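The following blocks contain the structures, represented as C-alpha cells.
Look for chain A in each of the two complexes below; its partner is chain B in the first and chain C in the second.
Right after this comes the complex of A and B.
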C-alpha cells in the first residue's frame, strides 16, 4: 500500500478517495458480527483492540491519501486533499485515544460494550466523510450518521437518570438543528440550482439572488452552530455533557465539532468565498456571543463537567474568530485550533472519566479537593490539560489562540482579538479555581468509593495526549504546515497543482 | 383547475398539520399526519414529480404511519397531559418562530418576481431522470445511507434492550 508512486500518472480507483472511511466501516461491521457470536459474559476487550487496529489502519490510509493528487471522486461528491487529510487525522487520533480510554471504562458495567465500539467506528465514518464531501447532500447524510451515533452514545449509562435525559435532549435539539441545515441546503439549491459546493461557488460569484443566499447561509449556520454548540444555539451543551459518560463527552466535544467546523470552512470559504460580506457579520456576532456566554456561564458552575461544557462553548467561539480572518490564514488557524482543542479537551475528560469512574463519583468542584495528594500523576496530567485550556505558552492551547488571534488582527479584526483576549483572562479564573482545588485544598478523609486505578491502555492514551499538547505547543511546525497546505486547497477547484505541497511536506 | 387543486390540498395540508399539534390524543395526531403526507403527495404530483408522489404515499402514508399507529396501540398511549409550557418558550420560542417565519416569508415575497413562474403540471420528472441522479451522480450518498440505517438499528437495539 505504501510503495512510492508518482501520482499524476497512475490511474487509481475512486474508492481510494474514501479509503479511511471504508476501513472504518468494515471494522465496525466486523466488530458487530463478532459481538454477536461472543458469549454474553466474556470480556469485550478483544473487540476494542480490533476497533483500535481498524482506526490505526484508517489513520495510515489518510496519510496515504496525501500521496494521491488532490481531486474529486464519485461524480464530484467527495474530494480528498490536504484539508480533508488534516481533519481525517484529527478525527482518527481522537477516536483512537477515546477507544483506549474506554477499553476498561465500560467493562462490567454494561452489556453493550461491543455495540459501543461499533457505534464509535460508524460515527467516525460519518465525521470523516463530512470533512471530505464537497456535495451538500453527502454532507447531510454523513452529518446524520455522526449525530445519530453520538445521540446513542450519550445515553450509554442507562441506569442513571441523567444519561438517558442527555440522550433525548441531544436527539430532539439535534434533529431540530438538522432540519435547519437541510432547509438551508434546499434554499441554496433554489438560488444556484445545485448542491455541489463548486457549482454553488459559481452561482454565488455570478451574484445569483444574494437575499436568498444570505437566508440559506444563515440556515446552514444555525444547523452547524447547534452541532458545534455556538451561542445562541448552545443551550443543550451543559445538560448533555453532564449526563453523558465522560469518555463519550471527550469524543463528542471534539470529533463531531472538528468535522462540523471543516464543513463550515468548506461552505464559508469554499462555496461562499466571494460573498464574505454576507456571512462575516453573522460569524462576528456568534463568535462574540459564544466567547462571552461560554466564559461567564463557566464561572458560575460548581459541576466540573458542566464547567467544561461552558468552556467548550467559549472555545468554539475562539475558533469562530479565525473565520473572520482572510482565506488562507483563517482556514489554517481554524484547522490548527481544532487539533489543539481536541488534544486538551479529550485529555481533560479522560482524566475525569478516570477519577470519577463509571458511576461519576466525583462531579462537583469540591470533590476534586486534594486530588493531587492521592492521585499525583493524574492530577499532574489534568493540570497540563487545564493549563493548555487557559492558553499558557508551551502548550497547544497557547499556539492555537496565538494563531487565531494573529490571523484576526492581520485581517483587520483587532477588536475581536481584544475581546477574545479579555475572555481568555476571565477563563483563566475558573480553570485556576479547579487547579487550586486540586493542589491547595487540604486532603479530605479518603472515601470508600475511590477505587480508581490506572490501566495500561488508559496510561498510554494520557501519555499520547500530554505529548500532543506539548508537541503542538513547542513544535507546531509540521502540523501547521499540513493545516496551511489544507488551506491552500481552497484557492481554486482541486487541480493537479496542489498535489506537490503535501508530498514535499512529508519528505521534509 | 390546477390552481384550485393546489389551493385545496395546500389548505388541507396546513389544516392537518395544525390539527396534529392541537389534538390531545396521539392516535388523532397520527391520523392527521396521514392527511398531511397524502396532501403533500398531491402537491408533488402537481409539480410533475410522479414517482416522488407515489413513493410518498406508499412509504410515508402507508408503511411509516402503520408503524406509528401500531406503536401507539402497543404502548397504549393515553391522552397527553398539557402543561403551561416553560417561560423560555413564551419569551424566546414564540418570538423566534415568528421572526423566522417573517424572514422566510419576506424573502419569498421579495423574490417572487425573480423566481419566475411555472405552470403547475407542465412538466414531468420521469423515473428515468430520477434514477440517473440517484444511482449515478448521487451514488455515494445513496450507498452511505446504508451505514446511517445500520447505526439507527444498532442504536435501537442498544436503547431498547434491557441490561442483563
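Right after this comes the complex of A and C.
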C-alpha cells in the first residue's frame, strides 16, 4: 500500500457501488414473486429464511465494498466509502436481527407474511441507499422508498385497532415532513445551483445567499428531524410505537434513524461543513429539547412501548449532541452511537415482542411484574438492554454516550455534556422502574402469552444482540476505528487515500 | 503471578457469577460454590500483603498496564499501594462471611443472589485497583447495579423504593463525575492517574475554573457514596432495607477510598481549599448521626445512623490533612468495615431468631441467647472505641491528628465518641438485658450455630488483632497515605506535622503499643 491508487486506475462496474442495494432488491422481488404463488395456508418461514440469506449477502457485499477505493458512480449520485459501509453494516445487521425475531412472530396470526419480509427488504434498500447518496434528489428518492415500507409495516397487525391507526398517523405526518425536506432541497438548488452535496459545499464555501441556505438547511433538518423523532418534531413517535408490531418498532426506531442520521451527517458536515454557524444553534437547541422532552415524557408513561418511544426521542437527542462537536470526532461519535443504540433498542423491542406475543398481551408496566421469575432468561436479556440504555459501563450504551460527550467536551461544549449526562440520570429512573417491576415485584397469575416459548431463531437473534451490547461495551475499538475511517472520508471529496485506513483495519 | 494477580482477583468473581447462574436451583449448590470461590479469593488476596514491598515509598505495586482502547487512550492500568492493598484484602475477607451469613436467610432466587454478590465483589476490587480514570469509572458505575438489584430484590417490604433511591443518588452525581473526567482528558490527553498527577502538578494555577468545577464534581460523586452529611438521604432506607450481606458493603469504603485517591490525590490544592468545609461537615455528620441513632427504635436504622457517624469520622480525618489523622482515617476505613460488618451480621442473626428489628419488641435476650449476647457486646464495645479494640486506634489517630489543625471540629467529634457510647450501650441494654419482652419470652430459638460463629468470629478476632497490633497494617498505610496530603497548605497551621515520614510512623507505633 505504498502508492495510493486513484479510482481511475481500476476499472470496475459502477454497479459494485450499489451491490448491497441490488442484492436486497433482488431478494425482495424474489420473495414477493414466490409469495404470490404460495398457497395462503402454507408457512412463510422459508421466505423469511430467503430474506435472511439475502441480507447476509448484502452485509458481505458491504464488507467487500470496503476494499474498493472510495468513489462515486452513476453520474455522481452515489458514493461508496467507509462511511456508507459503516451504516450499511449497521442497517444490515438490524434487518438481519429483525428478520430473525419476526420469523415466528406472525406465524399463525396473519397470512401473506411474505409481503412483510419483502417490505423489510425494500425498506432496507432505501435506507442503505440513503447512506451512500451524495445527491439530494437521490436522498429524497431513497428516503421515500424506506418511508413507504415503514408506513405499511407499522400497520401490519391488521386486525388490531391501534396498528392501522399508527400506520395512518405515521404516513400523514411523514409525508408532510418529506415535503419539508423536498422544499429544503429546492431552496438549496436555488442558492447554489445544484443538488449535489459537493457542489453545494462549494456554494456554501463561496458564501452564496446565506439566508436562503439557512432556510434550506432548516427545512431539511425538519424533514430529517421528523424521521429520527427529534423534538419538537417527535409528536408522532409514542402513538406509532405503541400501535406498530414490536419487531417493526425495533426496526423502525433504529434502522431508518441510522440512515437519516447518516444523511444529516453528510449534509451538515459534508455540504454545510463550512457554515457551522448556520446549523450549530439549531442543533444545540434541538439536542437539549429532545433529551429533556424525551426523558420527562418517558417518566410519566405507564405503557412500556410508549416509554421506550420517549426514550428513543431522548437518545436521538444524545446523538445530536455529537453534531455540536468538530468534524471527525463528532461524525465518528454519532456513527458509533447509532450502532450502540441499534443493538440495545432492537433487543429491547425483541424481548417485548417475545413477552407480549402477537396479541400484545403485555403493554403496561405492571404487566411486566415478576417476569424475572417466569422468564428468567428473557428477563436477564431485557435487563442487559435496559442497563445498556441507562449507560452503565461495560455495555454499548456507555461507550455510545462516552464518545458523544467526549466529542462535545473536546469541542468546548461542556455545558451541553453536563445537561446530557444529567438527563441520562433522569432517564435511569424510568428504565430502573421497569427493571424493578421485572425483578422486585412478586409474581402475578400467569398470562396467556406465558405459554409461548422461545424459538431457535429468536434465541439466536437475542444472543447476537446481547453479545453485541457487551462487545461494544468492552472492546469498542474496532467499531470505533471503522467509524473514524468513515469520518475521515469527509475530509474532502472521495479520495483514495482515505481508503487505506479501513483496509489496514481489517487486516490488522 | 505478581503482575496478573490483581486481574485474576478482579475477574474471577465475575466468572464465578456466570457459573452460579448456571448451577441447579435446588439444594445448596450456589452457597457452597460461592463460599469456596470467595475463600479461594481470600487466600489469593493474602498473596498481596505477603509479597508487598514495604520499603517502596513511591508508586504502585503488582502493576499491570496494557492498552485497552487506543483512542481515546484508555489503559487497563491496575495496581495497588499501601492504601488499596489492605482494602482489596478486606473485600476478600468480608466476602465469604457475607456468603455464610446469607446461607439460610436467602431462600428464594439464590442463584441470582450469589451471582450479584460476586459481581459486586468484582466491581469493588476494580474500584480499588484501577489506576486509569475510565477503568475506575467503569467499575464505580458497575458497583451501583448489583447493589441496587440486591436491595430491591432481597430487601424488606420497601426494598424497591430504597433500591431506586440508592441508584439515583449514586448515578446522577456520577454523571457529573464523567463530565469532569472528560474535561481532564481534554486538557491532558490522558486518563492515567500517575500521568495526570504529573501534568496537573505543572499547571501552576492554569485552568483554575475548570479545575475547581471538576474537583467539585469528583467530590460530590464520592461524597454521596460515602455518604457525607447532607447527602446521606439514601443511607437510612438503603441499610434499613438491604439484606445483611449487602448492608455490610453498602456504605463507607468505596467512597472514602475514592476521596483519598481521586479527590485528595488528584486535586490537592482544591482539596486543601474545601477542607474546612469537609471537616465541618464531618463534625456535623458525627454529631447528627449519633443523635439520630440515639432516638431510633429500629435496629437497622440505628445501625444506619451509627454508620453515618462512623464514616463522618473518617471524612474528618482525611480532610484534617495531618499525617496522623490521614493515617488514622485510612486505618479506620478498614476498622469501620470490619466492626460494622460484625454488627450487621449480628443484627441479621437476631432478625432470623425473632423476625423483627424493633427494639420495643425485643428485650432480655441475653438470658435466652447468651452466645449471641457475648458477640454483640464485644462488637458494640469495638464500635464505641474501647481501647485495645480496633476502632479506638483509628479514632484516636483521627482525633489527635485533627486537634492540631481543627480543634473545634475535633472537640465536637470527641463529643460524638461519648454519644456513640450512649446509643450503643443503651441499645445493648434494651435488647439484651432487663426483663424478656412478651415476644421474646414466647420464642426459644437456638443460640448462635456453627455457621454463624464461623461468620462472626473472624471479625471479632480481627477487631482484637487490629486493636493491639495496628503496626502490622499501619506499615503499608504509612508508606502512602500521608504523602497524599496537600503540600501547598499554609505551613503555619500544620507545622507540627509537616511530614518527615519518620515522625508519623513513630507516633503511630508509640500509640499502638
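Convention: the second predicted complex is superposed on the first by the 497 of 508 C-alpha atoms of A that agree within 3 Å, B and C clash if a C-alpha of one lies under 4 Å from a C-alpha of the other, contacts with A are read in each partner's own complex, and residues count from 1 in each chain.
Throughout what follows, contacts are C-beta pairs under 8 Å (C-beta built on N, C-alpha and C of every residue); 3 or more make two chains touch, one makes a residue touch a chain.
If you're wondering where the values come from, they're calculated on a predicted model, not measured in any experiment.
Visitor: Output check: A:209 vs chain B and chain C. Expected answer is one of first, second, both, neither. What do you get?
Guide: Touch status of A:209: first partner only.
Visitor: Counting only touches as set out at the top, which of chain B and chain C does A:145 meet: first, second, both, neither?
Guide: first
Visitor: Output check: A:468 vs chain B and chain C. Expected answer is one of first, second, both, neither. What do you get?
Guide: Touch partners of A:468: none, neither chain B nor chain C.
Visitor: Just to be sure I read the superposition right, which of the two partners does A:410 touch: chain B = first, chain C = second, or both, or neither?
Guide: In the superposition, A:410 contacts chain C only.
Visitor: Applying the touch criterion given at the start, work out whether A:436 contacts chain B, chain C, both or neither, answering first, second, both or neither.
Guide: second
Visitor: Answer with first, second, both or neither: which of chain B and chain C does A:371 touch in the superposed model?
Guide: neither
Visitor: What is the contact status of A:418 with respect to chain B (first) and chain C (second): first, second, both, or neither?
Guide: In the superposed model, A:418 contacts chain C only, not chain B.
Visitor: Taking the superposition on A as described, I'd like to know which of chain B and chain C A:122 touches: first, second, both or neither.
Guide: first
Visitor: Across the two complexes, what residues of chain A are contacted by chain B and by chain C?
Guide: The overlap between the chain B and chain C interfaces on chain A is empty, containing no residue.
Visitor: Going by the contact rule at the top, pick out the chain A residues touching chain C in the complex.
Guide: Residues in contact with chain C: 372-373, 387, 390, 392-394, 398, 402, 405-406, 409-410, 414, 417-418, 421-422, 424-426, 428-429, 432-433, 435-436, 439-441, 476-477, 480-481, 484.
Visitor: Help me check something: in the complex, which residues belonging to chain C touch chain A?
Guide: Listed in rising order, the residues of chain C that touch chain A are 69-72, 109, 112, 134, 137-139, 141-142, 144-145, 148-149, 152-153, 159-160, 163-164, 167-168, 171-172, 175-176, 178-179, 182-183, 185-186.
Visitor: Could you list, by residue number, the parts of chain A that touch chain B in their complex?
Guide: It is residues 18, 25, 29, 32, 40, 74-78, 110-112, 115, 118-119, 122-123, 125-126, 129, 135, 137-138, 140-142, 144-145, 148-149, 151-152, 155-156, 158-159, 167, 209, 211-212, 215 of chain A that touch chain B.
Visitor: In their shared complex, at which residues does chain B touch chain A?
Guide: On the chain B side, the touching residues are 103-104, 107, 110-111, 114, 136-141, 144-145, 147-148, 150-152, 154-155, 157-159, 161, 163-164.
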